[in-house]
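One chain, chain A, appears in both complexes that follow, with chain B as partner in the first and chain C in the second.
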Partner chain A sequence: MDDGRRKSEKSRFDPLRKAPFRLDPIFRRKAEWLVTLPTFLWLTLFVAVPTLLVFVIAFRPANPYGGIGAGWTLDNVRALATPATLAIAWRTLWISLLTTAISLLLSIPAGYTIARASERWRNRLLMLVIVPFWTSFLVRVFAWRSLLHPEGPVKRVLEALGLVGPDATLLYNPAAVVLVMVYTFLPFTILPIYAAAEKFDFRLTEAARDLGARPFQAFRKVFLPGIRRGLLTAVLVVLIPSLGSYIIPDLVGGPGGEMLGNKIAQRVFTDRNLPLAAALSAVLVLAVLAPLAGVLVLQRKSKKADIIMGEAP
Partner chain B sequence: MSTDFLEFRGVSKRFGAVQAVDGVSLGIKKGEFYSLLGPSGCGKTTMLRLAAGFETPDAGRVFLDGRDITELPPDKRKVNTIFQSYALFPHMTVRANIGFGPAIAKRPKKEIRDEVDRMLELIRMTGEAAKKPDQLSGGQRQRVAVARALINKPDVLLLDEPLAALDLKLRQKMLIELDLIHDQIGITFLYVTHDQAEAMSLSDRIAVMDGGRIEQVGTPAEIYEAPRTSFVAAFIGDTNFLEGRVEACPDREYCRLAIAGMPPVLCFNDKSLQPGQPISLSIRPEKVHISHERPEEKPQRNILPAVVEDVIYLGSTTKFWVRADGYRIQVLRQHARYFLDEKPLRWKEDCWIWWHADDGFMLDRFRRSDEGLLAVPPQRVGD
Partner chain C sequence: MRRSRFPVVVTALVMAFFYLPIFILVANSFNPARFSSRWQGFSLVWYRRLFESPEIWAALKNTLLIAVSVTAVSVVLGTAAAYALHRYGQSRLQRVHYTLIYQPLVVPEILMGISLLMAFVAAGVPLGLFTVFLAHVTFCVSFVAMTVLGRLQDFDFSIVEAARDLGASPWQSARKVLIPALMPGIVAGALLAFTLSIDDFVITFFVAGPGSTTLPLRIYSMIKYGAPPMINALSTLLLAVTFTAVVASQRLARAKR
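After this line comes the complex of A and B, so read on.
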């Protein structure tokens, strides 16, 4: 609001800022291009082209040597519609959504607490969030495997407390996948939520309390809408990698916890059927792009609104 | 007192090493426009937050309408605040902002809509109901904040420097609007400000605060005309301080003061001071007269010869810094017809200054640091 106005005033009144525009727009355009070019080339070469290739290969037949045969076919797309594949796709979706929901549920109070903590404590708490990154992701997943192992400490404690029977398995099921995924993604959701909460003006929740809102009402009606951008980022940061996760379900999931990522790996390494793997990947890419596109549209909208606000007298 | 509507009884609050409020007792009457006035960090905002329920006092109690509200959370108090930053909810429209209180109270939708419409009319913003706070001007935001608080029909409206974020012209306009609103709805206002002009023009009574304590409570005229401490004298308006001793009290009404280097000065004795007591005399610059001609001697008139050291033209007035018996004294003079006046006083010219004994005030408490609040004399500016 104020920032927007200040910015627009600046561009209106500061001749130095406007000068390059007027003097040499061609040079400016060129400079912009030069700066953007490396990123643009990199992304085209290593993201856009491979993605297109995946889509193309999905429509090619496989050959017996694990390569790509000649001609075009729809068999791979048809193979996607089998009940087994659909079941895995469904499981991938609900595991990812559940992981996202649990991560958010845990991150919001965590981000709020860190943002409200005194500066000394804030740094310590942030440190605690970041510390796990010092250990390799793979090692941490293996650690969970031994924790959840039938002879492992978690199982023994739960058994001693009478919470699980002696035959219960904590490992190799979808619950284990969700648990380890939430554990893995938690720092990635806490950080954007903390960043948004830290910028949040807590006088607004005070105002809400002043107007009669109970603490939770103030939290829900004023604080959560106030950090919605952080929430959006957090959702993307969990949901997209969750949909494509491969290592976690592979290591702790077992056959009942398999996800699309594992299926793709099996098609490539076991069946040596690249086109079928490509078809599965294409589905995954589309599934990931859908929420991303949704968010982009939302952000474009709010950005437009920002611009309008900035220009408003 | 039973007539006090909002009452602070011996309230203290400490933040870390800072004693923000130090044993303050205050009583505010129903329907009163009451101001807490003081420099930043004097504890006035903490007092407001104690009344709103955002802070609980370390000691003392807060009463509203005879009920102890010290432990009540903000949402349970019939008190609403207008924040300095307005704290409008940025994701809500003007309508939703104003209707926030009634919506939280789960009042019927129809009722809320009518009530908000009435409020929009009061603040003359019916056309802006669908806008977001970012699309409003500073004055409009301020009016929305007022409406959002008033719609809950609070017993007391707390205002935390509500005009500080506005420019001068807008501030003057909103000042009049606030005054009108107070007259219209007749609820109690507790107004926190560091701007003496705001406090003076709006308030029924003012409490001047410094260092977490109340320095003086009174009507604007009392505070200005009869400051009790050097802080009040220096913070409210400008003044001249002269230090001395009570020499004699020829009658019950007046004292003669001995001020080093000056002939005896006569002063109204409103505090029944005894000879020998050290005092600090405060004289407002506009109470001191200045002229080329020696004025007529009168029994209660203090007359001193002086030299003009500086002349500052201020538009409606002119301020003179003169030296009399070694003291620098400021004199404020209203001039109705500046260019047609008698021969104007210029630099280095000899002149006479005089004031009536009733216009000087002897202060209870004098602190050297309060002199820092005065306008800096030009000689110190140069150093």
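After this line comes the complex of A and C, so read on.
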């Protein structure tokens, strides 16, 4: 404290002191590197290099000890073209697309309602969306596992209503995977749609109504294009993690609901074959890059791209 | 003009959909029945079992050890990164930097887990608490950086310039002006990092080794292999912790805006 004050007093009377922030370019450059280098190195070492490594290891043979052998091979890539792998890839794709579609269908009315609510209700509703957003992912999946359990409440209600027979199984099928994925990703899609709807000027839809548009027309032709950026963000935040899902199909999907993520984990933990796992992961990387690149291009067209955190509160 | 009731109805259903499973889970944690299908009165038996389980305490210890150290490191790295991105945003270096920071936010967790596992195996690093720590810092840094960046965008840098004009050294102006102004963002980022670290399952699952079982790993094996209703009790406690953290971070986010 004292030391600092003395120094600043001294510098106040120093006529040779350089003007603040008009630093010479070399100093500026040095300062930039100083604050950039730590994360830059860390993320290069633990994100960029490992991602590239996946593509390298996909072309290496496995060794019998669960490690990576010497030399190069195309066997892992060839193993991808089997009907079983293709079937899993196809299922991963449709489950993810269906999850995205259902999440959007539910999030658009919810985001709209929150944006149009009075300030008091808006804060309450936002809080209600944010709490599940922060809640342990495993806990939420587990809650559904016990709900859908053969002895669980959902089954009993459906049976009492005569909708399912006594031997119907609600767990361990692709439908259960979609249900739980929608449940987990819904907060992530509501938030960006709400953020876009909140900035939307609702006088535009009113004008459309005044000019004779029916409510649904005004919604589809004025409101939806107006929140386009929020919709794109919502698609990304649900589609990408869906494609990489692992816990949900593992806990509620059963063998009929397995996805690419499960296959990757099986190669790692059951077969202990890292190169095969790497080949599957490489496919997943490419599958994730496609929608990401698409949305980034679309977003660049409309202003700068701030995808996840830019719009979440 | 009359508004359609349809969106309000959907929103109400979505909220019910969000909270019904959670309510049932919390209720079941107080239900002594082993197969929680019938309500058999209020009981704390599962909580007592939970507190008597040595595995849970060991897992909790690992989880907190990792979460605290991860939060400390990622707050420092993330805040510096956010400052760099904001102050030098136009340079080519920062564009690459931004892409690097952005990647953990969009890459599915399983890909991060598997790529880190491969890097550790290739480099011969033994799996354990240390590899879990490295992996957690890697994704927490990005979340902290983005949270602090949000705060920086509202910050008026002329205050720092004023401090410099009045004779403060760069370090003094950072410590006495910039960092206090960013504090709500930094604390919010720290809370986020702490929660993410405590909660992470997928990445931890790939890079954990013997003796580094965390709470989510323990919960997973309890769910997967014979789930005693103890998980309901544990989940309820976790929910209480999360709920407190959310309320606290919301208060902070609103403070001094």
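Worth pointing out:
Keep this in mind: the second predicted complex is superposed on the first by the 259 of 313 C-alpha atoms of A that agree within 3 Å, B and C clash if a C-alpha of one lies under 4 Å from a C-alpha of the other, contacts with A are read in each partner's own complex, and residues count from 1 in each chain.
FYI, a residue touches a chain if its C-beta (ideal position, glycine included) is under 8 Å from a C-beta of that chain, and two chains touch if they have at least 3 such contacts.
What you see is a predicted model; the values in this text were computed from it and never measured.
Once the two complexes are overlaid on the shared chain, A:206 sits against chain B and chain C alike. By the touch criterion defined above, A:278 reaches chain C but does not reach chain B. In the superposition on chain A, A:165 makes contact with neither chain B nor chain C. Once the two complexes are laid over each other on the shared chain, residue contacts for A:251 go to chain C alone; chain B is not touched. In the superposed model, A:225 makes contact with chain B only, not with chain C.
By the touch criterion stated above, A:112 is placed in contact with chain C alone, chain B being left untouched.
By the touch criterion stated above, A:64 is placed in contact with neither chain B nor chain C. Which of chain B and chain C touches more residues of chain A: that partner is C.
In the superposed pair of complexes, A:236 makes contact with chain C only, with no contact to chain B. On chain A, the surface patch touched by chain B in one complex and by chain C in the other comprises residues 4, 206, 209, 309, 313. On chain A, the positions that touch chain B within their shared complex are 1, 4, 201, 203-204, 206-214, 217, 221-222, 225-226, 228, 309, 312-313. Taken in their complex, chain C has these residues touching chain A: 1, 3-4, 6-8, 10-11, 14-15, 17-19, 21-22, 24-25, 28, 35-37, 77-78, 80-81, 83-84, 87-88, 91, 93-94, 96-97, 100-112, 114-119, 121-122, 134-135, 137-138, 141-143, 145-147, 149-150, 161, 164-170, 172, 195, 199, 201-202, 205-206, 216, 219-220, 223-224, 227, 231-232, 235, 238-239, 242-243, 245-246, 250, 253.
Against chain C, the residues of chain A that register as touching in their complex are 4, 7-9, 11-12, 17, 20-21, 31-33, 35-36, 38-40, 42-44, 46-51, 53-54, 57, 67-68, 106, 109-110, 112-114, 116, 125, 127-132, 134-147, 151-153, 156, 183, 186-187, 190, 206, 209, 215, 236, 240-241, 243-247, 251, 261, 264-265, 268, 274, 277-278, 281, 284-285, 288, 292, 307-310, 313. Listed in rising order, the residues of chain B touching chain A in the complex are 52-54, 73-75, 79-81, 83, 85, 87-91, 100-101, 104-105, 132-135, 137, 148-149, 152.
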